[in-house]
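Below, chain A partners chain B and then partners chain C, in two separate complexes.
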Partner chain A sequence: MTAYLVYTPEILIMISALLALLFDVLDSKKLAGGIAIILNLVALVIILGWSGITGSILSLPQSGGHGLFYFSLFGYMFQIIFIIVTVSVELTTLDFSEYNGIFYALIEFALTGMMIVAISGDMVILILGLELAGISTYILTGYIRKSELSVEAAMKYYIIGSISSSLTIFGLSILYGVTGTTSLWLLNLHAGYSYIPKNNPLLYLGFSFIIAGLGFKIAMAPFHMWAPDVYQGAPSPVSAFLAAGSKTMGFMAMFIIFLSAIFYFAPNLSLLFGFFAILTMTTGNILAIKQRNIKRMLAYSSIANAGYILIAFSVDTPLAVAGGMFQIFSHAIMKVGAFIVVAVVSVFGVGESITDYKGLAKEHSLLALSFAIMLLSLAGVPPLMGFMSKFVLFSGAVQAGGWYILLAIAGVLNSALSLYYYARIVKYMYIDNPEPGKHKNKKISMPIYSYISIFVLVVIIVAVGIYPSPIIGYFIHIASQYMVWR
Partner chain B sequence: MNEVVLLSLSGILLGLGLYGVLTKKNIILTIASIEIMINSAIFNFIIFSSYNNNPAGDVVALFFIALAASEVAVGLALALMMFRIKKTLNIDVMNSLRW
Partner chain C sequence: MDTLLFVLIPVFPIIAFLVIAFLGNSMKESGGYVALVMELISFIISIYMFVGVLTVPSYSVDKYMIWFSLSHGPTFEIGMLIDGFTAIMIFIVNLVGFLVILYSLGYMHADPGLARYYAEISLFIAVMNGLVLSDNLFELFIFWELVGLCSYLLIGFWYRKPEAAKAAKKAFLVTRVGDVMLLFGMIILLYQSHTPLALNFNQLYSWAATSKFSSAELTTLTAATFLVFGGAMGKSAQFPLHVWLPDAMEGPTTVSALIHAATMVKAGVFLIVRMMPLLQYTPATELIIAVIGGFTAFFAATMGLVAPDIKRVLAYSTISQLGYMFLALGAGSAGAAMYHLMSHAFFKALLFLAAGSVIHAVNTQDLHKMGGLFTKMKITAVTMLIGGLSLSGIPPFSGFFSKDLILDVVLQKGLNNPVYMVLYILAVLTVLLTAFYMFRLWFLAFMGKPRGYDEKHVHESPGVMVVPLIILAIFATFSWMFLLLPSFSQILGISLSLNIPTMLIGVSLGLVGIYVSYMLYSAGIPKKFTSVVMKQIHNILYRKYWFDEVYGAFSIYIIYGFAKLVSMFDKYIIDGVIDGIAAGGVMLSSSLYPIGKGLVKNYVTLIISGLIITFILLIYVSPFLYGGGI
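== the complex of A and B ==
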C-alpha cells in the first residue's frame, strides 16, 4: 500500500476531475470548482513537503526510478508550477457564469497529464501525459461553442497539436530502435554504452523529429505560427492555462529528453539550440511590436520568452539550467497573471484591442497597477521577478564563456526591444485619457475570486523580485542535483 | 523481411500523411491524414520491436493505437462544431484569425 503513496498528488487531482464531472450533473458549479481547488491545494502542500520547501506531512517516498516513473526534485518543482497556474485559472473562472462543472473536469484532466509528464521515466508515460493534457486543452480551447473564433482556434490547435505529437512519437520510435529501450532513465545509461555508434545518422534523424514535435508545443520560432491564433481565439482563462501550463509542459518534456535522457548528445545539439534561441526571441519580439490585439501581443511575448528559455538548452551548465527553470517559473506566473487581468477587465466592458486600455488606471486602479507590474516584470525591469530570472539565465550564459556570450547579448538586446511594447500599454493605462464611450461600465458583481488570484500572483512577483536569494539558491540546488542525477 | 524495406514503408506513410495534411481542403481528410502520420510512428515501434527482439515496442504500439483513437474522436467532435457554425467542412473558411 505504501508503494502507492508516491502517486498521492496525481490521484487527488484525478479524483477532483471525476468529482467535477459528478457535480456537473448536479449543476453546482461553485461546488465543483471549490472542491477542485481544495484538492489541488492539498496536493500542493504534499508536494511542497516532498520537495523540501516546507515540512512534509506525508513521509518522503523513495526517490529515483520506479519502472515507468522517475521521481526527482526537478519533477516536483514543475508540479508546483502547474498547480499554482491551474488554481489561479480556476479561481478566476469561478466569477464567470459561462464556465460550468465540465470545465473544471477538463482542466483537472489536463493538470493530471502535466503532473504525469513531470514524473515520467518512460516514453509511454511521457507521451500519454502529453496527450492527456493536449486532448483536454483542445476541447478547452473550443469551450465557447457559440463563438466562431473559439471553434476556429480549437480546430487549428487540434491539427497543429496532433501533427506535433505524431512527429514526437515518430522521433521517440527511432530513439527506441537505435537504443533498444523505451525507458528514459535507462536511456541515458544505454546512450553512453559503447556499442551504440555515436555518429549514427538515424539517431540525429530522431532528434530532429523530437525537436520539431516539441518545438510546436513550446512555440519555437519556425513552428510558432499557431500560438497567436490559438491564444487570441481561446477564452482568456484558457489562454492563460495554455500559455503558462501547456508551454511549461513542453519545456519540461524537452528537459527530460534532451538534458537528461540523451544528455550524452547535448553538446552536439548546442549550436542548433543556440540558433533557435536567437531566432525565436527575435521573431517573437519584432512581431509583438506590430500587434493591435492584447492577447496576440501576449502570445508573441510568450514566443519571445520561449527563446530566452532555449538558451538553457544550448549552454547546459548548472547555472544556466537553473536560470532556465527560474525563467520558466517566472514566465508561467507573469503570463497567467496577465491573461487573468485581460479576462477580468473584459467583464468591465474593456475590449481586446490595446487602445481599449487607454485610461484604465482612472477607473480600475488596482487592476491597472497589477497589470503594469506584470508587464514590467515580463519586460525585465528591476526589482521584479522577471528581471531576476533573466539575470540568472544570462549570467549562466556569460559564465560559460565562448560563443555563449553572444546568446546573452542577444537576450539583453531583445529585452530592451520588448520594453517598447510592454511600456506602451503602461503608458496607455496611466497617461492617456479613455476614448469616449469605450468603457461601458456595466453594473456587475465584483469578481472577488479573480482579485484574490491576481493579488497572490502580484505578491509572488514582487516578493521574489525583492528577496530572490532563497529561490535562486533552490533552483541552483535542483539544477546541480539534476546534473548529478544524469 | 528486411528492416530497411519496412522502415522505408513507414517513412512513406509519414510523408503521405504530411502531404495530406498540407494539401487536403476537407477537414475529415485532414484528420484522416493525421491518423496516417500517427500510424506510421506506431508501425515504427513494431518494426523496431521485432528488430531488437524486445516486446516493449509492441506494448507501446498498443497504447498508442488507443491514444490515436481518442484523438480522432476529439477531432471529429470539433469538425461537427465547426460544421454547425460555418455550414461547411472546407478548411479555407477558417481565416478570421490571422496576423
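== the complex of A and C ==
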C-alpha cells in the first residue's frame, strides 16, 4: 500500500476532477472550484515537501524509478509550476459566472495529464499524459460554445493537435524500434543512448518527428501558427492555462526525451536546437510588433519565450539547463498573470485591442501596475524575475563558449526588440488618455479571487527578481542532479 | 544586542514613504505625523544601537545574505556592518532626521506639495540609513545613488521656480561626475581584490592586510582609492566639484539642514572612513585627500565672506567644514574626522534650522534686508549664537574640541612633512575666516537696525520649530562630553587631550575673527571698500572665482561640442541602424503577417515542411558543418 503513496498528488488531483463533475450535477460551481483549489494546494504542499523546499515533511524517496514512472526533483519542479498555474487560473474563474463544474473537471484532468508527464519514466506513460492533457485542453478552448472564435479556435487546435500527436507517437515508435526500449529513464540515466550508433539515420528520423510533434506543444517556429489563433479565440483563463501550463508540459516532455540525447548526439542535435531557438525567438518577437490584439501579442511573446528556452536545449550544460528551467518558471508565472489581467479587465469593459488599454492606469491603478510589472518582467527589465531568468540562461550560453555565445547575443538582441511592444502597452496605460467612449465602468462585483491570484503572482515576480539567489541555487542543484550522466 | 532588529531602522521610514506616497493626497497635514512617528521609532532603535555599541566598544558584526552569485564570478551580498562608526552615524542621521521632520511641521505648514515633501524626506532617511548600514561597497553605491536621487527631488521641491529646477539639475549632474569616478574605482577594486564576497568591507580590509602588494599593484590600488575619493568629492562638494552645494540652497531650508548639512554630504566622509584601512597602503591618495580637503576648507571660507544670502553663507561654511574632515582623513585620523562630522552635524543643522526660522519670519534670504531681529526672535538668535560659537571653535562648545582635534592631528603630521605644515597653516587661517563670516551673518541678521522687512509680522517661530533648535543647541554645546566616555574615545581612537599651544592659536584667531566682524557689521552694512585692491578681492570672491562661468563655458564649448558630435553619431549612425532594424522588423512583421491566413491546411503544410527541414538539418547540414557525424 505504501508504495502507492508516491502517487498521492496525482490521485488527489484526479479525485478533485471527479468531485468537480459531481458538484456540476449538483450545480454548485463555487464548491467545485473551491475543492479543486484546496486539493491542488494539498498536492502542492506534498510535492514541496518531497522536493525539499519546505523541508522534508513527508519522507518518501526523493527520486527513483518505479517501473513506468520516474520520480525526480526535476519532475517535482515542473509539477509545482503546473499546480501554481492551475490554481491561479481556477482562482480567476471563480469570479466569472460562465465557468461551471465541468470546467474545473476538465482543467483538473488536464492537470492530471501534465502531472503524469512530469513523472513519466516510459514513452507509453508520456503519451498517455500528453493525450490526457491535450484532449482536455481542446475542449477547454471551445468552452464558450456561443462564441464563434472560441469554437473555431478549438477546432483548429484539435486538428493540428491530433496531427502533432500522431507525429510524436510515430517518432517515439521509431525511437523504440532503434533502441529496443520504451523506458525513458533507461535511455536518460543509464546511458541508453550511448549504445546506439551515432550515424543511424532512422534515429534522426525519429527525432525529427518527435521535435515536430512536441514543437507544436511548445509553439516552436515553424510549428507555432496555431498559437495566436487559439490563444485569441480561447477564453482568457484558458489561454493562460495553455500558454503557461501546456507549453511547460511540452518542455518537460522534450527535457525527458532529449536532455541526454543532445549530449550523445552533440553537434547535430545541439545545432538543430540552436537554429530553432534563434528562428523561434526572432519570429515571435517580430510578429508580436504588428499585433493589435493583446492576446495575439501575448501569444507571439510566448512563442519568443519558447525560443529563449530552446537555448537551454542547445547548450545543454547544467547552468544553461538551470537557466532554461528558471526561464520556464518565470515565463509561466508572468504569462499566466498577464492573461489573468486580460481576463479581469475585460470585466471592466476593456476590449482585447491594445489601444483599449490606453489610460487604464487612471481608472484601475492596481491592475495597471500589476500588468506593467508583468510586461516589464517579460521584457527582461531588472530587477524583476524575467531579467534574472534571462540573465542566468544567457550566462549559461556565454559560459559554454564557442558558437553558443551567438545564441546569447541573439537572445539579448531579441529582448531589446521585444521591449518595444511590451513598453508600448505600458505607455498606453500610463501616458495616453483613454479613448472616448471606452472604459464604461460596468456595475459588477469586485473580482476578488482574481485580485488575490494577481497579487500573489506579482509578489513572486518582484520577490524573486530582487532576491533570486535561493531559486537560482535550487535550479542549478536540480539541473546538476538530473544531468548525472555527465 | 539583537542585530536583526537594526534591519528595521530603514524599514519604518520606508513604511512612512509608502503610506504617504499612496495615501498622502487624502491625508494632507497628517502625513507629517506619519513620517514623524515612523522616524521616532527608527530613532529609538538607533539610540538602542548607539548605547549598545558604547557598552561594547569593540563591537563589530557583519550580517549578510547572499543576493546572487554566478558560478564563475563574484558573489554579491546585501548586509549590515554594525560597528562604532555605524552606530555614531546612524544616531546622527536619525536624531537630525527626527528633529527636522518635527521642525517641518511648522516650517512647511500649508505648502501645497506637503505629501510629496514628507514622502521624499522619509524615503531619504530610509536610504541614508541603508547607506550607513551597508557592509559592502556595491550595496553602498546603490544607496549612494538613491540619496542622490532624493537630494535631486528635494532641491527641486519647488520645481515651478526655475532656479530650483536648475539647481536640482546642477546638483545631479555635478555629483554624477563623482559617481562615475566612484563606479570606476569600485570596478578596479572588484577585479583587483577578488574577495569571495564582492567588495565586502571586512574582506577588503583583510585582503589588504594580508597581501603583499607589488609596486604595480600599489599603483592600481592608488588609482582605485583615488577614484573612490572622487565619488566622495562629488557627494561632499569638495573642490573642484563644490559648485552644486551653494545652488542646492534653493530647496526648502529643512532639506538643506538635513541633507546638505547634516547627513548626505557627510556620506563622502563616511565612505572614506570606511576605506581608511585600504588608504593606509596608498599614501599618495591620502596626500591628495589632505590637500583637497585643506584647500577646500580655506577656499570655500573665502567665498563665504561676502555671500549676501544667509543660506549660501552656511552652504560655503558646510563645504569648508567638510574640507576640515577630509583634511583629518588625509592626515590619517578617521576618529577626528568622524568626531568633527558629529559635532558639525549638530551645530550646522542648528544653524540651518535657525536660519530657516529667520527666513520664516522675514520672508527673505538676503542678509542685507534683515537686521535688528534680536529683540523680536530671542530664542532663534541665542540658539544661532550658540551654533555660531560652536562653528567658530570657541570653548566650551563642541566645535572647539572637534576642530582642535583636527588641527592637532594635522600639526603632528606636519612636523614630519612640510606639505601638511602648509595645510596646517591654511587650516588655522580658515578658523579666522570661519569666525568672521559666521559672525558677519549673525550681526547682519540680528544686530543693527531693521533694513526693509515687514516689522509688524515678525515674531518668534512656533513651538514645533523652536524645540528642535533648543535640542540641537544643547547637543552643539555639550556633545563634547561624549569624549569623556572611555568607550566613545576608544571607538574613535581619540581622546580629550588639549594641546595648549594649538588651542590658544585656534581660539585667539577665532576671537579675532569675531572681533573684526563685530567692528565691521554690528552696526549694519559698512560702507563700500575704497581701496582698489579690496574692491577687486571682493569682486573675485563675490563672483565665486568665476567657477560657474568657467564650468559653464567648459560645458558649453567643450562638453556640448563633444556631445553634439556624439549626438550626430548617435542620430545618424546608431539611430540609423536601430531605426533600420525596427523598420525592418515592422516591415518583416507586415510581410509575414498574412502567412497562413488562418487556414488549418496552410498550418499543416508548414508543420510538414518544418518536419522535413528538421530531418534535412539533422541528417545533412549538421554533419556537413562539423565534418564526420553521419
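In this section, the second predicted complex is superposed on the first by the 466 of 486 C-alpha atoms of A that agree within 3 Å, B and C clash if a C-alpha of one lies under 4 Å from a C-alpha of the other, contacts with A are read in each partner's own complex, and residues count from 1 in each chain.
Here is the rule we go by: a contact is a pair of C-beta atoms (placed from the backbone, for glycine too) under 8 Å apart; a residue touches a chain by one contact, two chains touch by 3 or more.
Remember, it's a predicted structure, so these values are computed and weren't measured experimentally.
Applying the stated contact rule after C-alpha superposition, one finds that A:S173 touches chain B and leaves chain C untouched.
By the touch criterion defined above, A:F348 lies against neither chain B nor chain C after alignment on the C-alpha atoms of chain A. With both structures placed on the common chain, the touch criterion links A:E148 to chain B but leaves chain C unconnected.
By the touch criterion defined above, A:I163 reaches both chain B and chain C. In the superposed model, A:Q399 lies in contact with chain C only, and not with chain B.
Touch criterion not met for A:Y7: it reaches neither chain B nor chain C.
Once chain A of one complex is fitted onto chain A of the other, the partner contacts of A:I135 are limited to chain B, with no touch recorded for chain C. In the superposition on chain A, A:Y264 makes contact with neither chain B nor chain C. By the touch criterion stated above, A:D229 is placed in contact with chain B and with chain C alike. Overlap of the chain B and chain C interfaces on chain A: residues 155-156, 159, 163, 167, 229, 290.
Only residues 155-156, 159-160, 163-164, 167, 198-199, 201, 204-205, 207-209, 211-212, 215-216, 221-223, 225-226, 229, 267-269, 271-272, 275, 283, 285-287, 289-290, 319, 388, 395, 399, 417, 420, 467-469, 472, 476 of chain A touch chain C when the two sit together in their complex.
The touching residues of chain C, counted against chain A in their complex, run 65-72, 581-582, 585-586, 588-590, 592-593, 595-596, 598, 600, 602-604, 606-607, 609-611, 613-615, 617-619, 621-623, 625-626, 629-630.
By the touch criterion given at the top, residues 123-124, 127-128, 131, 135, 138-139, 142, 145-146, 148-149, 151-156, 158-159, 162-163, 165-167, 169-170, 172-174, 176-177, 180-182, 228-229, 232-233, 290, 296 of chain A touch chain B in their complex. Residues of chain B touching chain A in their complex: 14, 17-18, 21, 27, 30, 34, 37-38, 40-42, 44-45, 47-48, 51-52, 54, 56-57, 59-60, 63-64, 67, 70-71, 74-75, 77-79, 81-82, 85-86, 94, 96-99.
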